[in-house]
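Several structures are given next for inspection.
Across the two complexes that follow, chain A remains constant while its partner is chain B and subsequently chain C.
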Partner chain A sequence: MDILKVSNLYKSFDNKKVINGVSFTVQSGKIVGLLGKNGSGKTTVIKMINDLLTIDEGEVLINGEKISEKTKAIVSYLPERTYLDSSQTVSDCIKYFSDFYADFDKTKALELLKDLGLDGENSLSKMSKGMKEKIQLILVMSRRAKLYILDEPFGGVDPSTRDYIMKTILKNFGDDSAMLITTHLIADVEKILDEVLFIDNGKIILQGSAEQLREEKGLSIDGIFRREVK
Partner chain B sequence: MIRKLFYYDIKKMTKILKWFYLISIAFAVITRLINIGKEIQAIHIIGQVFAGFTYSAIANILINTFIHILRVFLYDFYRDESYLTHTLPVSKNKLFISKCLAGLAVVLSSVIVCVLTLFIMLYSKDVMLTVKSLISVAVSGLNMSSGAFIAILIVIILAQITAMMSMAYTAIVKANTYNRNRGFKGVAWFIAYYFGSTIVTLIIAVIVFAIGGNLSELVAEVMSASSFMTVMILALVLYPVYTFIHVLLCKWLFNKGVNVD
Partner chain C sequence: MSFGFKSDTPIYLQIIEHIKLQIITKVYKPYDRLPSVRELSLIYEVNPNTVQKALSVLEEEGLIFTERTNGKFVTGDGDVIKAVTSDTVEVMISEFLTSMKNLGYETSEVIKMIEEKE
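And then the complex of A and B:
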């Protein structure tokens, strides 16, 4: 079943087309990589799916419905920036997520935080950017969402944090969920991808099953990407 | 859900303001205590200094009330925190209404704290008598009680602040429909809305006074009681109308969708 269906998306800024007819679907149980170099339009597509940018043309359907409060209740989104109010403590963030998201698993969040050696009274203002990103990831992955959208989860983090993020994603991703990950660090993520979408200049230039593409082209996804996207 | 949003909006808007409220009331209490011994010259001077601090604290509350209400609106809807706000399972309507109600509640609480501060610092039988006599001069000929006059004045001040707040909200939303120079455009749109409404008010006042045959009263040094009453009624009608128009415009622009950086 298509949990996410993106049809013919277009977006312009100051008369410059940045997204040019993007279409794809994400099915339940799949991890899909939206792969492209910096400035290719990955984040713009993700922002349109999450109602953070208006859509010039095209349609986004989540679980068969247009974007609304109902669809937002089943999407867990990790943006490429820190969106938590830094004057809050970790407990405040957990309470906020519990208050608004019916699918938020507080016990799971507390367990994951314990693994990081954090307790609720830690203030975000005293934490490094990397630590804040980890907390954000924990909050996002502690929801029992139908669709997880992770925008550049590995951007600007050290290799050990990358491993931590990867472990957290895999540990908490359920079979009945779907995931859309954007990244330009393909080598780090390709082993977990079921499907890939290559985006360049606001267009999908190649898409398909990761396994099939590897077999057809005789290269890794990273290798194919380097060849296709110049 | 709107109750939860309202709770978090109030919490954010008063995060720093609540300390300013405390400081203001603390200064008022200290000034009051110092003034017990004001017959002694040195203590009188110290009392005057603290009275100055208290007035500054009141001004600080008024300025910061606006800054914090607008900051929360801007940051929650268009800056980094908007990535969380707009992905909450809540309709845009509820997000918007919560911000308006929270803003209104914070304005009201700031006005109450300012009045309370003045009351703590200045209350005495003599001061109250002076205020009463000033008000009785003002209401003579208006055919209303002093209490009603004060109530109308407070309503007008609140209505004016609310109208300005709605204009500022609309200016922020309008400016964020553009891709560039959003800060500058926000200020420009606020000035346009404010002066636009001022010009409309002036035109309506001229028409009303011209129809009443007392246009010269508008520029007279001393206004008659009936003209003063007309001005108060105009304010009581026009400020809520401006608020209503701007809230509708702002809501319409906001519901069309946001473009977050």
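And then the complex of A and C:
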């Protein structure tokens, strides 16, 4: 079952084509990596899927339907930049997510936060960047969504935070949901991917099963990427 | 545990080898219950589908079996474990002999060197 179907997407900014006919699907139970250098078009595609940028041409179907309030309710999105307000406490964030999302599992979020040694009183303003990234990931992964979209979840975090993020994703990802992760740090994330999409200059230049590609090319996904994308 | 995967080989094959070694060395004993797919995916930090694929190959080879609702268990069949052990030993020996050959040593010389070492 295709949870996400992207067909022939095009997008230009000021007459400059940045997305040039991108098509792919993400199926239930799969973790798919959208891999590309900075400026390759990853975040633009993600923003179009999340209805944060208008689509010039092409179509996005989520669970078989065009983007609407209904489809947005089943997508849990971790943007590249944090949108949590630093003046808030952990409890404020929890309340915000509970109010906004019917599928938010508060008990699960509180448990995960407790594992990090956090309680409701902690204020975000006193936290490191890594800690805020962890909290945001916990909030996003505590929704019982159909589709998780994580935009650069490993950008600029230290190795222990990276491990934490990796484990939290693996622990909380359900078989009946699907996930799309973008990153340029391919070596860090390739072990958890079912399928990979290489994006370059707004086009998908290679796609396939991660294990099959390793077998065929005798290289890691990172190695293949370095060879294919100059 | 941080697990050093070789980057150029499919991960499921490496998981198969690793679990085989653990069965051979009795880390997992006959009739032991294996960790669940999710637990293994966290141990190896890999996609659950990759673990699933490795386990289904091990099951086809008769090294593990599924007990409905209960999980996956190591076979109690000593012959199967013996066969896997000797396969593994054979692979290790031929890999070793190949690297020795690449260094310019014939098998007979290698044998002599091993005997002298002991």
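In the analysis below, the second predicted complex is superposed on the first by the 230 of 230 C-alpha atoms of A that agree within 3 Å, B and C clash if a C-alpha of one lies under 4 Å from a C-alpha of the other, contacts with A are read in each partner's own complex, and residues count from 1 in each chain.
By our rule, a residue touches a chain if its C-beta (ideal position, glycine included) is under 8 Å from a C-beta of that chain, and two chains touch if they have at least 3 such contacts.
Since the model is a prediction, treat every value here as computed from it, not as a measurement.
**Student:** Just from the overlay, do chain B and chain C fit on chain A, or is there a clash?
**Tutor:** By the criteria stated at the top, chain C and chain B fit after superposition, with no clash.
**Student:** Does the superposition put A:K17 against chain B (first), chain C (second), both, or neither?
**Tutor:** A:K17 contacts neither chain B nor chain C.
**Student:** Once chain A of both complexes is superposed, is A:K37 in touch with chain B (first), chain C (second), both, or neither?
**Tutor:** neither
**Student:** To the nearest 10 degrees, give me the chain B-chain A-chain C angle using C-alpha centres.
**Tutor:** After fitting both complexes on chain A, the angle is 160 degrees.
**Student:** Does chain B (first) or chain C (second) touch A:K167, or do both, or does neither?
**Tutor:** second
**Student:** Does chain B (first) or chain C (second) touch A:D51, or do both, or does neither?
**Tutor:** first
**Student:** Considering only touches as defined above, state whether A:R214 meets chain B (first), chain C (second), both or neither.
**Tutor:** second
**Student:** Tell me which partner A:K108 touches in the superposition: chain B (first), chain C (second), both or neither.
**Tutor:** Touch status of A:K108: no partner.
**Student:** Using the touch definition from the top, say if A:G29 reaches chain B (first), chain C (second), both or neither.
**Tutor:** It touches chain C, and chain B stays clear.
**Student:** Superposed on chain A, how close does chain B come to chain C by Cα atoms? Whole Å, please.
**Tutor:** So the smallest C-alpha gap separating chain B from chain C comes to 27 Å.
**Student:** Which positions of chain A sit in both the chain B and the chain C interface?
**Tutor:** On chain A, no residue contacts both chain B in one structure and chain C in the other.
**Student:** Give every residue of chain B touching chain A within the complex, in rising order.
**Tutor:** 1, 4, 8, 12, 15, 80-84, 86-91, 179-180, 256-260
**Student:** What part of chain A is in contact with chain C in the complex they form?
**Tutor:** 29-31, 163, 166-167, 170-171, 173, 175, 187, 191-194, 210-212, 214-215, 218-220, 222-223
**Student:** Over in the complex, which chain C residues touch chain A? Could you list them?
**Tutor:** 5, 7-12, 38, 41-42, 44-50, 53
**Student:** Which stretch or stretches of chain A touch chain B in the complex?
**Tutor:** 13-14, 47, 50-55, 68-70, 72-73, 75, 77, 79, 81-85, 87, 96, 99-102
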